[in-house]
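What follows is a set of structures to go through.
Both complexes shown next keep subunit A, but they swap its partner, so subunit B is in the first and subunit C is in the second.
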Partner chain A sequence: MGGDGKKWGVFLLPALATLSFVFIAPICILIVLSFYQMTGPAVVGDEASLSNYVQFFSDPFYLRILWNTFTLGGLVVLFCLIIGYPVSYFLARSNSRWRGFLLFLVVSPLLVSAVVRNIGWFPILSNSGLVNWLLLESSIISKPIPLISNFTGVIIGLVHALLPFMILTLTTVIQRIEPELEDAAASLGAGPVTVFTQVLLPLSIPGAIGGSLLVFTMAIAAFTTPVIMGGNRVLVMATYIGQQFRTVLDYAIGATAAAILLILVGLLTVVASKLGARKVEAM
Partner chain B sequence: MTHLVLDKVHKRYGEAVAVREVSLQLTDGEFVTLLGPSGCGKTTCLRMVAGFVKPDAGTITIDGVDITNKPPYERDMGMVFQSYALFPHKTVAANVAFGLKIRRVSTAESDQRTKEALNLVQLEHLADRYPSQLSGGQRQRVALARAVVIRPKVLLLDEPLGALDLKLREELQIEIKRVQSTLGITTLFVTHDQGEALGLSDRIAVMRDGNIIQIDTPTKIYERPNSTYAANFVGRTNLAQVMVRKADPQAGYLVEMVDQPGVTFEVAGDQPQQFLVGERCSLAARPEHFDIGSTDGNTVEAVVTDVNYRGSIWNVELLAKGNWPVSAQVRPGGRVPTKSETVSLGWHPSRSFLLKLSDDEKI
Partner chain C sequence: MKLAKTTMAALLGVALSLSPAMAQQDITLKVASFAGPFGEALQKYAFEIFTKRTGIKVEVVYANPADHLAKMIASRGREAPFDIVALDDDVTALAKDSGVLAKLDPAIVTNLKHLYPEGKDKDDMYATMFYFSMGIAYNKDKLKAAGIPEPKSWNDLWDPRLAGHVAVPDIINIQGRDFVIQMARMNGGDESTPEKGIDKIAEIKAHSYYSSSSTLQAQMESGDVWMVPWNNMRATAMADRRLPIGFVIPKEGGIGNTDTISLVAGSRYPKEAQMLINYILDPFAQLGMAKLLPTGPSNMLVAAVVRADTELARKAPATPESHKELYLPNWTLFNKNLKKATDHWNRKIQK
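Presenting the complex of A and B:
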């Protein structure tokens, strides 16, 4: 096998070369950049230090962006879990002939470009949009609720975009839970709520952690949706990094923010997979 | 005191009828088996009693209380599944205590009853293990303990031995019977295995195409099945087409082989059905009821076509007069015939029985 492995390994070279050029090299350069100071637009000096990091973690402005980012990620995960779980349960358990169609509906947001997907929300969520019109007409509210071009809009846009990932992950996990476990619990006297809290939920946790991690990392890395749905008013890490590189041309602090985001997401992934692994082991 | 009654219970899936107006009564402490091949409706019956399937018509009552429309979690049934269905994230003790926790039994009592239940299935020493650390047989014993610890009105067993190998199956059969009779719990058992049905049941209901075609004690089902179907499903049966020549309520019947006129046999003892003189029917006898070389009772000349050693017995395949293929047995100590030998095949008149021809046999 070893000899054969080496022989076939040759075929990996093009992919490895491409990946190291387009993926590993830029990240390395970015991390190196974060240790230098800005000396002019798009230019950095030649003295390496940790001062960018010190500045980032001591300035409330940056900490606020970091907080916003993680709150956004957390809320998107929460809504994806709440909305996604019942759908996943149906998809995992149903033999209905509509199952295939529903699966297509679930995946369909992924087939639409992010720009189109987000712009589509404007006629629905804007102050004169469908939702506010309905609420005003039925006199539930007296003045429009701002649902777009703010933090709420970003959450709606990201939940819409990332829900498929949560649903697909959860569906696979729920499919692996034997339906007879639910029957067994019911025969022992467990009503639907108890079956959910005592059997389904604990057994879904590894999947929920996996799906949440996926959605969380994608939510905090998203750029297009916060820009469009946030109407330039929502500053999260991704939009801040974009600003630094494209408008302010402060490569150094932009690189620092990017490096911090990278490290925090990396740490989170390690912690979450450890947590998931421990849960699985216990079973 | 539990009395379970199914009254004309009917279930359709689309066009296909799964259960056809089945009526069944279980008295207190009785062990009743639904026996039949897959697709005969036996599992649907059990799942309707458990509450997982709603019947289209008919009623199910326990001690006179109609439970037809009650959800499963209000029925007080202990159920054991073929796939064990143990909660993988809970320990053995927590699995057994699950039903008690839901019933809000105090911790002290719950611990005590869990211990007793595990003791009953001899698994007390494994209380802290997880199901994945147990063997198949141990898992099913935990499932049994979990089902009986809640003191259910009825114990439902859905092919509980189906996933186990032969040796474990026999061990667990004894275990189930022991637990069931110790607790005196009314039990409905579903299986396609005639051996399990004969060994465990007080009564067996043989099912076919959604109907119960015969319900009786294991000995009656085995010795006097009322149809070719039941006779073939439970044990091996040798069938020969015969014509009734004499019918006497006291002495029994005299029948003549259709393919060998002049060869007649006597049939004595109770018959599940009435037969008329001149009626064509099947003469049936079990392999172990033949006596090779005997000249008592009914006899027919036969040629040995094959002899197989089976450990506890020899299986002897013969071709009797009138092209009647017969499989017979010789016990250790008996004379084992050799292949191609012509022998006299004898059996006692009360050891054979008559069966009505099924529709496809009449042609």
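Presenting the complex of A and C:
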């Protein structure tokens, strides 16, 4: 097997070379940039220091952007879990002939571009949109609730976009849990709630962690959805980095924010995968 | 024998006259432009006809001005990512100062001498393509239904009855910067004190902060947004589609903007690129863009035609007198404070 691996490893070289050129090298340049100061549009000085990082972590403004970003990621994960779990359970256990169609519906948000997907929410969520119209007509509310061009809009947009990742990850894991385990628990007198909390949920935790991690990292890195659905009112790390690089041309502080995001996501991935592994071992 | 000689001479003549055209057919000029109606107007009134006449092909790269600038800066000192770039005037000033533009040759860009003096760069690093204005666009029906009079002053945007119905341009785009400068000027400041304008803007109970005209257009049509600082082009285009959209230059004065066209430093085909720039400044292309967008042409040769066109005069700053009614910002000064302005905007408005 080892010999085979070496032989086939040669074929990995082009991919590795490309990746290091288009992915690793730019990230290294980015990290280096973060140690310098902006001296003009798209220009940095030549004195390296940690001052950008000190500034970032000592200014409540930057900490608030970081807080916004992680709160957004956390809420998106939470909603994806709540909405996604029942769907995943159905997909994993059902033999219904509608299963294929439902699976198609689940992955359908991935088939449209981010811009189109977000713009599509406007007629539904705007003040004069479908949701507010229904609520107003049925006298549940007296004036429209802002559901778009704010933080709520960003959450809705991201949950819509990232739900497929949660559902697909959870479905794979639930499929691997033998249905007989649930039957056995039930035959021993456990009610549906107990079966869920004592059997199904603990066994599906690795899937939940995997799906959550995937959704969280994609949510905090998202750029288009916060811009369109947030009405430029919500500043998260990705939009801040974009703004600094693209319009202010302050590569130094943009690179600092990018490096911080990268490191935090890296740490989180390590912690979450350790956590997932421990859960599996404990079982 | 004589016939043979004549034929040879004729053939040689044909060959000689064809050779420059033949050579040019292999050239493809890359133009970085805005997407949307502006891109369509350039394509229709400039690129297609230019290609037909010269055989030089034109390929367009669509993006926002800031992205074009970032690309030019990133490839500074190497081959240019495109030969020609169309920019808003705020980014033009930044591009000029960043040294990514090349000087235009008045011997090739012969239309330079016909441009309005206010549309010329003293160093010939860019040429103004056209003028447009920033004022207030509003939904007539919604205002009427709410009993709010149509706006006459910039201050009308702060009307408490408009809470949640005003869209504010984000500082990422030129309308946002225009608005910041105008409010700074009305509050005892100028381009060097953007914070004075931003503090005032932060008091608006905004519906949202727009960065894309197409999103805003959808929100104007749906009736979510009732009033917005916007440019004459998009607002009058909506009115032409029989939508209840009005546009006004407030009594304190509007802001004048220009879109410019420049040769990019490091272009492979500087001569051909300047031929195309000259063509864009030609009366035909100028009138085409003026009618389609609508904009005020920069070429004085079309002044008489424009003056006779009352509809255009109503929709766009088309005459030298109308240029004078608008404030043309000092972008070099504002750009020196762009970092400070964006920082202040982030802290005051994006929460």
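Convention: the second predicted complex is superposed on the first by the 273 of 283 C-alpha atoms of A that agree within 3 Å, B and C clash if a C-alpha of one lies under 4 Å from a C-alpha of the other, contacts with A are read in each partner's own complex, and residues count from 1 in each chain.
Note that in this section contacts are C-beta pairs under 8 Å (C-beta built on N, C-alpha and C of every residue); 3 or more make two chains touch, one makes a residue touch a chain.
All values derive from a computational prediction rather than experimental measurement.
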| item | value |
| --- | --- |
| Clash or fit, subunit B versus subunit C on superposed subunit A | fit |
| Touched partner set for A:Ala190, first subunit B, second subunit C, both or neither | first |
| First, second, both or neither for A:Asn232, with subunit B first and subunit C second | second |
| Winner by number of subunit A residues touched, once subunit B and subunit C are compared | C |
| Partner chain(s) touched by A:Glu178 [first = subunit B, second = subunit C, both, neither] | first |
| Which of subunit B and subunit C A:Pro146 touches, first, second, both or neither | second |
| Which superposed partner A:Glu137 touches (first subunit B, second subunit C, both, neither) | neither |
| Partner chain(s) touched by A:Asp46 [first = subunit B, second = subunit C, both, neither] | neither |
| Superposed arrangement, angle subtended at the Cα centre of subunit A by subunit B and subunit C, nearest 10 degrees | 150 |
| Which of subunit B and subunit C A:Val248 touches, first, second, both or neither | second |
| Which of subunit B and subunit C A:Leu203 touches, first, second, both or neither | first |
| Minimum distance between Cα atoms of subunit B and subunit C in the superposition (Å) | 45 |
| Footprint overlap on subunit A, comparing subunit B with subunit C | none |
| Complex contacts: residues of subunit A adjacent to subunit B | 178, 180-181, 183-191, 194, 198-199, 202-203, 282-283 |
| Contact footprint of subunit A on subunit B as seen in their complex | 50-52, 71-79, 81, 83, 85-89, 98-99, 102-103, 130, 132, 143, 146-147, 150, 156 |
| Subunit C to subunit A touching residues, read off their complex | 64, 66-67, 69-70, 73-74, 94, 97-98, 164, 170, 172, 206-212, 215, 218-219, 222-224, 335, 338-339, 342, 346-347, 349-351 |
| Subunit C-touching residues of subunit A, taken from the complex the two chains share | 38, 41-42, 61, 64, 119, 122-123, 126-129, 146, 149-150, 227-228, 231-235, 240, 243, 245-250 |
